[in-house]
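Pasting the structures here.
Both of the next two complexes hold chain A, though its partner changes from chain B to chain C.
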Partner chain A sequence: MPEDDLADEASHLTIDGDNPNGDDIGFAAKRLAHEARKTLSSGGGSRGIRDVTQEFAAAAKLLQPGQLVKDEYFTLFEAVGALEIMDPKMDSGYVPPGDTLEPDFDVCKGLPAEQVLWIMDELLRLTAVWHDGYPLSQTIFTSLHVDRLLSPDNRPPYHLFYGDTALLVMTTEQRLVHIVLRAYCIALVKSCALVLHTIQSQNFYEEEDFVTHLFGRELLPSTGANDAVKLIDEAVKFLDGADVDKVMRTALLERLQFARTYISLLVSDSADWNTLAAMGRSAETHKLAQPILEAFSDKVQRQLATSTPPRPMIIISWDEALERWKAICADIVEADRLTCFDVCQSPHALHRAIWAFAYREPQPNTFARAYLQTILFASEQITEGMAFFDLMLTDMRDLVLAGDVLVDPHSFLVEIPSDPRHKCSRIVETFMDKAFDEYMNLYRMVCQNRCRIRRTFTQSVAIFDSLETEAMRTDAELDGITPGIVLAGEDGPGNVTLTPLTSWVKYYKLQTMAWTIQLGFETDIYLPHELSMMYWYLMVFARRERKLLEHIERFLAARQKTFVSSRDARQDDEAAASQEWLAVLHKQADFTALLSSALWQVSELLMTLCILQPAKRDYAQEQLLYDVRMKSYLGIAHDPIPTLEEYKSATQSDRSIEDTCNNINGTIADAKSCLAYMKKTTPEQGKYIGTGEQWKREIKQLETTCVAVAVQTSQLRRVADKHGKLLGAPRDQSLKGAVEVSIPPAGSRYHDWWVVPQIREKKT
Partner chain B sequence: MSGTSKNAAIDGPSENAPPPKFNGELNVHYISYGSEKESSYLPAIRQLISKDLSEPYSIYVYRYFLYQWGDLCFMALDEDRNALLGVIVCKLEPHRGGPLRGYIAMLATRSEYRGRGIATKLVRLAVEKMIEKDADEIALETEVTNTPSLRIYENLGFLRTKRLHRYYLNGSTAFRLLLYLKPGIPFKPTFPPEFPAGYGEGHGQISQDGQGSVDEQQVERQVARMGIEEDVYGERFDVTGQ
Partner chain C sequence: MHSIRTSPLSRQRGNGMADGEANPHSVQAVQYLDDLLNKTLHLHITDGRMFVGQLKCTDNERNIILAMTHEYRQPSQADVKLAAERHEKGGFAGNVKVDMRKRFLGLVVVPGQYIEKMEVEG
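The block that comes next holds the complex of A and B.
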């Protein structure tokens, strides 16, 4: 900000409240402006301390208690970031009486091998904690050796000692510090820089996922990764000939090798992270290390630039740290496997792969998720020969237009302007441009934390809806050039066309809507009394998706009839593969509709019988609760969601408990047969190449869920029977007090997307 | 609010053993903070709220709310001993240029006096006042593990709208809770947040110098930044508003 404007701004500070000392305040403000100008024009200024107590006290005396000098742009954000100087809870520069500003430790002194080993392991532990999302100021920067290397007073080549007092003749212990420990520290710091670069070039959420703050320090900018590796190699050479105990030497070499492998992996595109995982052997020699706690200190935070105080830290043990490292390596290896060439040929398979990655236990950390995003999005293409454009086109082809010339890649190469293929291709390209961001988000956002996946998708719904308008317009334009197949209407009189782009957008819109509900169950967004309504809506969305798929399948069948049999086997293969896959999607939508129907009926029954009841809620109004809950879906213009009234009129509270239970059981039986079908589906048919294990596991979880629903239903039936209420209308009954219900929290469900209420008879 | 769990003071006990529950007769008197900016209660309010938090807010945070919305702050006092038993701090302003949103920023009850409905009463007073001032909706955040707090609000009609991953400085996750007071709120137009939710062509979330990425706060900061930039380009801004 230009200096004069800052001074000008200072002179425009306003005063709130009464103003009896108007002139004095005006004077004080002008003086402040003058001082500001002077300070800024004195050429940057030098570091030093100046006691302003007298001036400050004199200025403060000019204000009455209750008078506030408030800049218009001093926001809540600024207020929360403000700190009170000398309050130890806020002022991290505060030095308690009797304490020293800086830690009292000579980083240049020589150390025995056991202590150097401990420092190296401690840094390894702290790096694992940093990976978990804790700031550098409380992890790696607390190492006094690292602090010295990164000190603003230090210069390349970043030695621990300053100036010319280089220790030309060093003892072994000094060399262990200045050659071995130094090389290790430099390699770890450069590795941090590489990790940060990966994370910051992709999507993540600051503070939620990771803290990228460097606190005013630079990460050895004049030293490259290759320089760091060279230093490690020199250190290894030194150790090989050094006068050090054999076991210690091996231990130290292991640490150096770890650091070397780590940084090499970060620099190289195609390297095996399994090699790093194999270094878990380091655990055994750790017990030989001798703690030297003075080599680390929180006092470094006093000199780091920050606007937040230190946060509460987790303490993880050495063993836990090693587990973290192993998990990071395993995740990276899996990320490579899941995005292999074969998987990337199918957008849907890739999609499944990303979801599978996101749902690994424990969830991959920010770096691993950024690594996956880098593989897919860092270059212009998903994989060799599959540009983003190709991915999207293949998606359209697989889902709605298999075998159709409209999305045949060759159509896009036709150059004759009058050729309908050329015209249509340009129109399709324009549409794809518009849909591009939101389509890629379907992949990218699954790499974020679970809460953010849901939050993004709730926003995507509205975007897909407006894309649908665009799609409808585009479909009409395309139909004008190359009329599509016309079939008799599915519901009423009149004819219908495929409207391929509209169908494509609709599919993802419905899928996203379903995901927001499923993720809502997973993240405990819905209260127990909301289960009924949310399952009902999930059922509605799934049924709509099924209907849409039927519409697409009809037109695929009609299109297949138009294929000239002698011509192109490719067309037939493409259409056949699409047909098989659509059948699988159809079954999946069916399953979701059935299971949600069953759970809707269960939840509703529990409510009608007064077993599950919301609290009194004085400030709640039914329609307004509905508005809060369904807000993301209310703006949908195309196929608006059913209203609250429509939901209420779908109630089954007239049906007897016995009939409802029978119906639920029938629904569950149908759901199970869907699962049986999916069990027999091959990876090619279901497009789950690369995620076979996850496919099987999920089916198992869903089977268990179905069984659980049946079990709880029979529980309820048994109790109702016992009280003689099996046959009457539930609306007139109550089992309140006879039954208690509990809702399993996420993490203890058979499948986290499905909440099965646990029903228990209350013992009298 | 981000930073720390503002409802920490109605959480379970803090690190040290909590003082024993007060079991005697209690005469609780509820009053509004009112329009006196530097009320004599301010130090007690600060002390009560910061007591169980891992790091306190500066005086500016309290002034931000109490100077502008002193009538939305309510205190529970022990009438006999004139001690502060509980406090609620709120604000009320248009949310992104759209609905008038009440926001409950802080709620605290002294641990010895919990379980008596004081917190619920304070929330009711605040909600009633906001309704009186024509609020369209009321929002707040609270830790996912803060069951007493969740129960208070959900028993009044609040619903969970979002889960906020690692929202607080100590890494705990929060729920956003929302209560609509009037119909038609979802259809009231609002400005989008200045920093969109982070998706786009491979750009990471912009680092906010250590602060949490709370929508509310990000908007205000960006609005503030925009204002300053106008100033730089020579427009004289009269901050006294005359």
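The block that comes next holds the complex of A and C.
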């Protein structure tokens, strides 16, 4: 029987292997096969319908109260998500007694200009809300005019009236609806389709960032963006000669122009979104609009395909909506600026630019972030003349191999197979292929929402670690063909080589590890008593990064000595630029290590003095908590992270409070001098071309953070002194009850990546 | 997200009697209902709507859980008029066919008290 074949095939949908996901997939396949078998097993294969009302009722009555007859794979957990029919809170199709299924509003009737204006402004407002991520069913689809245009009963060319009831002789008010409002609605709907296309072509997270659900409707598929623009132009022509009040005409023309500009911008690649922002300012005429609330209704949800309960229409004020539009335009304009040709020449500058974009206030919405991703990733290259391959190669060159023939673009063009440059280039290319995805993720993932950036980077850590294995193997292979410089070991006897690819991967691994902790502070995932440990680990990661940079700098200096003076200046320039930049990176790693050291000491002191304590947990075990918290880092094979024991033995609880405070102040002073150095760095040296403002602003925030740490430390010192505990070992002291501490939440810190505990003396 | 509320199914209390202690009629009833699981049911409810979906679960109050459910409504007067107009305009012969309005809902539970008629496909 054909049905059995299908069911049999479904049952073969297993994936072998003992992997953890294998069980889930095997289970799902079994369930699918089971359901398929049951659904398809119809006696004789005819699709008839049998009335079983009486039989079923009789059978059901014989069940015990509470007894269920259910499919063996169907869980009650799933049942909780079922929509309860006839319950007004869950059933979007429920019509209360006395109410009608459809709203009682004739979308074909003519409306005065003031009301048409109000509807157009309302749609503008709802489009702004939709951009924020609210579903269409609660925003644009609540417009009854839009609902009629999109109705499954409607046909191209999508008029508000159906069939033959065309109004051949229309009044001005009717024309305002059928020509002006219709054109406007069609343009906005097509704009939605274009926005959705942009968002869905790139990385985003459904429901978290945006809701793309169309609720079973199509967005006027037979009408293109150009058709929509034509309709707007016809509407403009009509309005110019229409019998409408002059002020009203201007207002309506403004709205039409807005819709026309909006859709034109979405269609063209290179257009200025500032023109759209400029229109927002001329929205003074909104006051002239006359509300007509009946033109919008949440009853449309009764006819939309939706697996969710009924949801309310979203309310934000007109001014708020205008602010949203301005922000969208500003974000798009900034995205274009941050990815200009000059910025894209330097991978690191581009990287900084993307982070700067992500940290704009307010945070750019899903469409703006998708727009940025489109600029970078939609074509085969980052920018004119800079393919992804070039970007990656430049990154390696800038960071570890400035002036080295290994990553000289010309080496890749050598065709003679016996030439070592040819051999090495092929090997480097193979490695770059393997590292490509994760490397590009460094750019792409910063375009996601903050929590996802952190989560993706915790996964990247493991991938970079395994890439490191690959890099080590590749470095050895390269060294066999073209031996690199050998220097004396940095610590201990023996010699070392640069191992460039390994160093390159290691740098990004360590950088990503530091970012996951920093983002963890920003997204508030650490409890107050975990601050100490997380700052200590951040310090360790930053110190390792600094050591790695020193290693790279040594070899750069050695390489520079080998440059033949007769060669072109390009090599020297490249190496000099790299040297300056590495110095800046070194200072940055230094700063991170110093500030996290200071904050580690502060938090630790607060813990030892019993001011900051974890809640009482009878069943918590230190090692288990540690394993859960540090899970992403525990699997690292190359340079594994210090263990819990090593962290604990780093505590300084036998040093007096006074000594600790002095040490913290000294550390902060060193940190400040790092900032002073970075302040004097030029955009070329620090590779922050295009993000100069953000660079300066961040340094200021970090300076303030340093001062805050010093202030809190002196606060603590003062209270300790008052209680005569300044000189004893903290282990034997307790300031519990004398001091209270508060942890500022993200958003109210000087810099969201640094948590400075606020210390206050408790009034006795 | 909707808040957790008691579904018709969870409102019931077991009276302590195990399945095995049921009488032979009850065993037969369970078998009958079990055979209907995963079959496509058409449920007609008191407000005129029809729900078509796969039977997943039922109980002694005849509450029904359906998966992959579509909701059908009788066409309105306006729907009939529009269909007739298009039929005429298109120059078709014979009777006018008016489709019921249909939309996809997913997983639903229909309380037994609202079920007027129940049909099974196949």
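One rule holds in what follows: the second predicted complex is superposed on the first by the 676 of 764 C-alpha atoms of A that agree within 3 Å, B and C clash if a C-alpha of one lies under 4 Å from a C-alpha of the other, contacts with A are read in each partner's own complex, and residues count from 1 in each chain.
In this section, a contact is a pair of C-beta atoms (placed from the backbone, for glycine too) under 8 Å apart; a residue touches a chain by one contact, two chains touch by 3 or more.
Because the structure is a prediction, the values reported are computed rather than measured.
Of the two partner chains placed by superposition, A:N665 touches none, neither chain B nor chain C. When both complexes are overlaid on chain A, the residue A:V80 reaches chain B and chain C alike. Within the superposed three-chain model, A:S307 lies in touch with chain B and with chain C [touch as defined at top]. Contacts of A:V69 after superposition: chain C is touched, whereas chain B is not reached. Residue contacts after overlaying the shared chain place A:M90 against chain B and chain C alike.
Taking chain A as the reference chain, the count of touched residues is higher for B when chain B and chain C are set side by side.
Shared-chain residue A:T53: touches chain C; no touch with chain B. Judged by the touch definition given at the top, the superposed model places A:Q363 against neither chain B nor chain C. By the touch criterion stated above, A:Q758 is placed in contact with neither chain B nor chain C. By the document's definition of touching, of the two partners only chain B reaches A:Q459; chain C does not. Common to the chain B and chain C contact sets on chain A are residues 65-66, 68, 71, 74, 76, 78-84, 89-90, 306-307, 309. Interface of chain B with chain A (complex): residues 1-3, 36-38, 54-61, 63-64, 67, 124, 127, 144, 154-157, 159-167, 169-171, 173, 175, 178-187, 197-213, 216-218, 220-221, 223-224, 227-228, 231-232, 237-241. On chain A, the positions that touch chain B within their shared complex are 1-2, 5, 8-9, 12-14, 16-17, 65-66, 68, 71-84, 87, 89-90, 133, 135, 199-209, 211-213, 306-309, 311-312, 314, 373, 377-378, 437, 441, 444-445, 448-452, 454-456, 459, 523-527, 530, 615-621, 623-625, 627-631, 634-635. Those residues of chain A lying in contact with chain C across their complex are 34-35, 38-39, 42-43, 46-53, 55-71, 74, 76, 78-86, 89-90, 93-95, 101-102, 153, 162-164, 216, 303-307, 309. The residues of chain C lying in touch with chain A in their complex are 2, 4-5, 7-9, 12-15, 17, 19, 22, 25-26, 29-30, 32-34, 36-40, 42, 45-47, 49, 51, 54, 56-62, 65, 67, 71, 73, 76, 79, 82, 85-86, 89, 101, 103-112, 114-122.
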